[in-house]
Amino acid sequence: MKKISLLLPCLLVGLWQLACSLRPGAYDLVASPAGVLAGLADLCLTGMPPGRLLPGHILYSLSRIFFGFSLAAACGVPLGILSGGNPKARALVMPLIDFFRPIPPLAWIPMAIIWFGIGFRSAVFIIFLGAFFPIALNTCIGVATVDRGYLDVARTFNAGRLDIWRKVLIPGAVPSIFTGLRLGLGIGWMTLVAAEFTGVRQGYGLGYMIMTARDLQRIDEVMAGMAVIGLIGLAIEWGMTKLAGHILGGRRVGQWIRI
Amino acid sequence: MDTHLKITGLKKRFGVEGQGCPVTVLDSLDFSCAKGSFITIVGANGCGKSTLLRIIAGLEEPSEGTIRLAGKPLDRRTARLGMVFQEHALYPWRTAVENIEIGLELKGMPRATRREAAMEYIRAFGLEGFESAYPSELSGGMKQRVAIARALVADPELVLMDEPFCSLDSQTRNTMQQFLLDVWSRRGDTVLFVTHSVDEAVFLGDEILVLSRPPARIADIVPVDLPRPRDRTSLKANAIRKQILNMLENRVSAATYLGPAMMEALGTQEISRESE
Amino acid sequence: MRFLSRLISMFLVAWCFFTLAAAQAQSAAPVRLAYLQNDIHHLALWVALDKGFFRDEGVDVTVAGVFRAGSEVAGALGASQLDMAYLGEAPATIAAVRGTAHIRVVAQVNTEGSALVARSEAAITAIEDLRGKTVAVPALSSVQDVLLRKALASRGIPAASVNVIVLGAPEMIPAMRAGQIDAFVAWEPYPSRAVTSGAGRIVSASADIWPLHPCCVLAADKAFLAARPAEAAAVVRAHVKATAFIREHPIEAAAVAAKYTGISQSEAAEAIAHVRYDAVINVEGEREYLRLLIQLDFIQIKDPDAFLDDFLGVAAKAPEAR
């Protein structure tokens, strides 16, 4: 993490604190940075709803995204590989995917509630919808746009169909697959929080926490919650990047990765 | 002469009859060469040199004609070929040694054996210390050495090279040419080497195949009778170069002026300044 | 390059168009109202719209939003997106205390009209049986939430022993059917619908928990009141008229309710029967709300009386009834 990356956030926070100090708003529509920190403390100590502390919310939200994302990856990557490498499969599957993709996951919430209620499966379903499409599409594109030259090399060695899949198409598509996974995870995280707004049976979840803070007009806690969500999203992104670097041979593999 | 490679009546048309203007790129090529010979192929840009190589390699299907290798028709499924591409086409996700051994890997050779074979080439080609490097960490010349090793490791019956040095700077290019000749002289492979550089063709080849503009025919087969190691600047080398350049320029001038489509539309009439 | 400049000019034209359209909408400036989705407590508004009472009183209104919870309405009032709105007294109070909305109550809307509904299979016949169960409320600190906690407190049941979760009102009946919640507290018509569809039983009407408790209020943005007092008064008059209409013509009122909630007229009539429509501001009720909210630690307030005077303000006296 370069030091310069911290410059802009610090500057913004400083200006924000200044603005709040100069105009102690009659309208408390925005909390100052100090207020947000206080709200964060309240979230950890008192909890929102009262009695439910922040770590619990984080744990539940993370577990939902873990399962939803894993499901999306388990379905999306194989489907993407198959449709990327096989034009018939692509023609079979892609129109359907292109039809469902523009429907926002949140539009599925009424159906999700009817089918799965307000429990864990409902949230996992919504996240799955958010994460699946970027994963499947990027995988498909990755396989389909593998450099023709790589295929030529394999063909001059008389490689069989299976070998071409295993040794050229799939490894060649790995950067795109990772891009798809990163996008899917990011979108899944955003979808999760919004999905938790409609209610969760366990009474835990970051989106749920923010919604109840809003009910009590605790703007400081709402903003603290948003900050937590953003930070966790950042951490997830950072983790993915590190993981990608590790698995794919790090910066040594160079431009090919495009991370 | 023991004919190793024999090409008869090779034609290649792009486009389907009845859909637009089918373009004949290669028109009735007849050619043969002996085992262990180094054949360079030159011609104007777009005259189908690469297409010819790709057909032999089995990456494209000819429209007509036959190819025989070592007395049998060339069966792409069983033939052992090694090809080096213009853009080296090394797999960026594999290290140098892993790239080299891929031919053996695809044939099912066990890991230890193929790794040892690949390492031999690493050592022979002066790449020691870089076997675990990824292509992005290698210089242009090193990458081409890896590409050449990859083509040679499975003991091919025929080596095809499609302008492998054209993206290198001239210094590296000269070094690589010498390197290639060293390797070839020790192994005795049959090599078909496509290039647009007449200099390179004269320096490297035993015979130079000159292709005319499309529909390409063999305009001439120029034997290069120079002793090896070759002197680029010798008078004889110059004479051969001049001969070929004349051929190309005469045949090419109209083509570059009018363009291949127009040439095609005008049929096979020779429009050139060449005096008969 | 030319293509780019053409694209940019097209974009600018579109932008001007939309800005002008918005400005146009602004200058016409009807009074912006809002209500809660499917909340039959807000029937007075629907009746006034349907029967043209606003027009009769000479004021131009528009429904600027339909919301899922009172806290959302309060937020919109605070963001100056609404001029006057129907919402629960509890969320209105909290917003006013915390300063996220500068509003004042100009009329009462109803008292009572909510109920605690339990799943038919769950063995819940009394409030005491809620121990260890999952109960849904439409929002934290909503009237229903406050009622539930008051009921629990009055029987000495610690709130922590009940799993209270927040759920949108439309989601409550399906969730109960699926067994994911054991009970809920919601405004009519949801309790009646739960009963008629066989999904649940009414354990306790809100009237039993706190008789005559004030529920929803008509609140107005203070800036709006100061700038356009005549229109605000006209809206209040129409509201009072509509409230009286509901009492005098319940069947017609049920027809209007059916239109705005999508339930059948008979279901609407049943729901209406459980609600008291009353435009007179219940000052004592609000004082009790303040006490409860402070007790529940939802708000802190230094001078409750000063707040009440301001919050219930000019209309602390009964508004003109017809």
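A, B and C label the chains in the order they appear, each numbered from 1.
One rule holds in what follows: a contact is a pair of C-beta atoms (placed from the backbone, for glycine too) under 8 Å apart; a residue touches a chain by one contact, two chains touch by 3 or more.
Remember, predicted model here, so these are calculated numbers, not experimental data.
Shared contact partners of chain B and chain C are A. Note: the chain lying farthest from chain A is B, by mean C-alpha position.
With centres defined as mean CA coordinates, chain C is found 81 Å away from chain B. Note: centroid distance chain A to chain C, computed from Cα atoms, is 35 Å. Per-chain Cα centroids separate chain A from chain B by 49 Å. The set of chain B residues that touch two or more partner chains is empty. For chain C, residues touching at least two other chains: there are none. Those residues of chain C lying in contact with chain A across their complex are 69, 71-72, 74-75, 78-79, 91, 94-95, 98-100, 102, 134, 136, 139-142, 160, 163-168, 171, 174-175, 178, 180-181, 297-298. The touching residues of chain A, when paired with chain B in their complex, are 147, 149-150, 152-159, 163, 167-168, 171-172, 174, 248-249, 252-256. Contact residues of chain B toward chain A in the complex are 54, 57-59, 76-79, 81-83, 85, 87, 89, 91-94, 102-103, 105-107, 133-134, 136-137, 150, 154, 160. The residues of chain A lying in touch with chain C in their complex are 25-29, 49-51, 113-114, 117-119, 198-203, 208, 211-212, 214-219.
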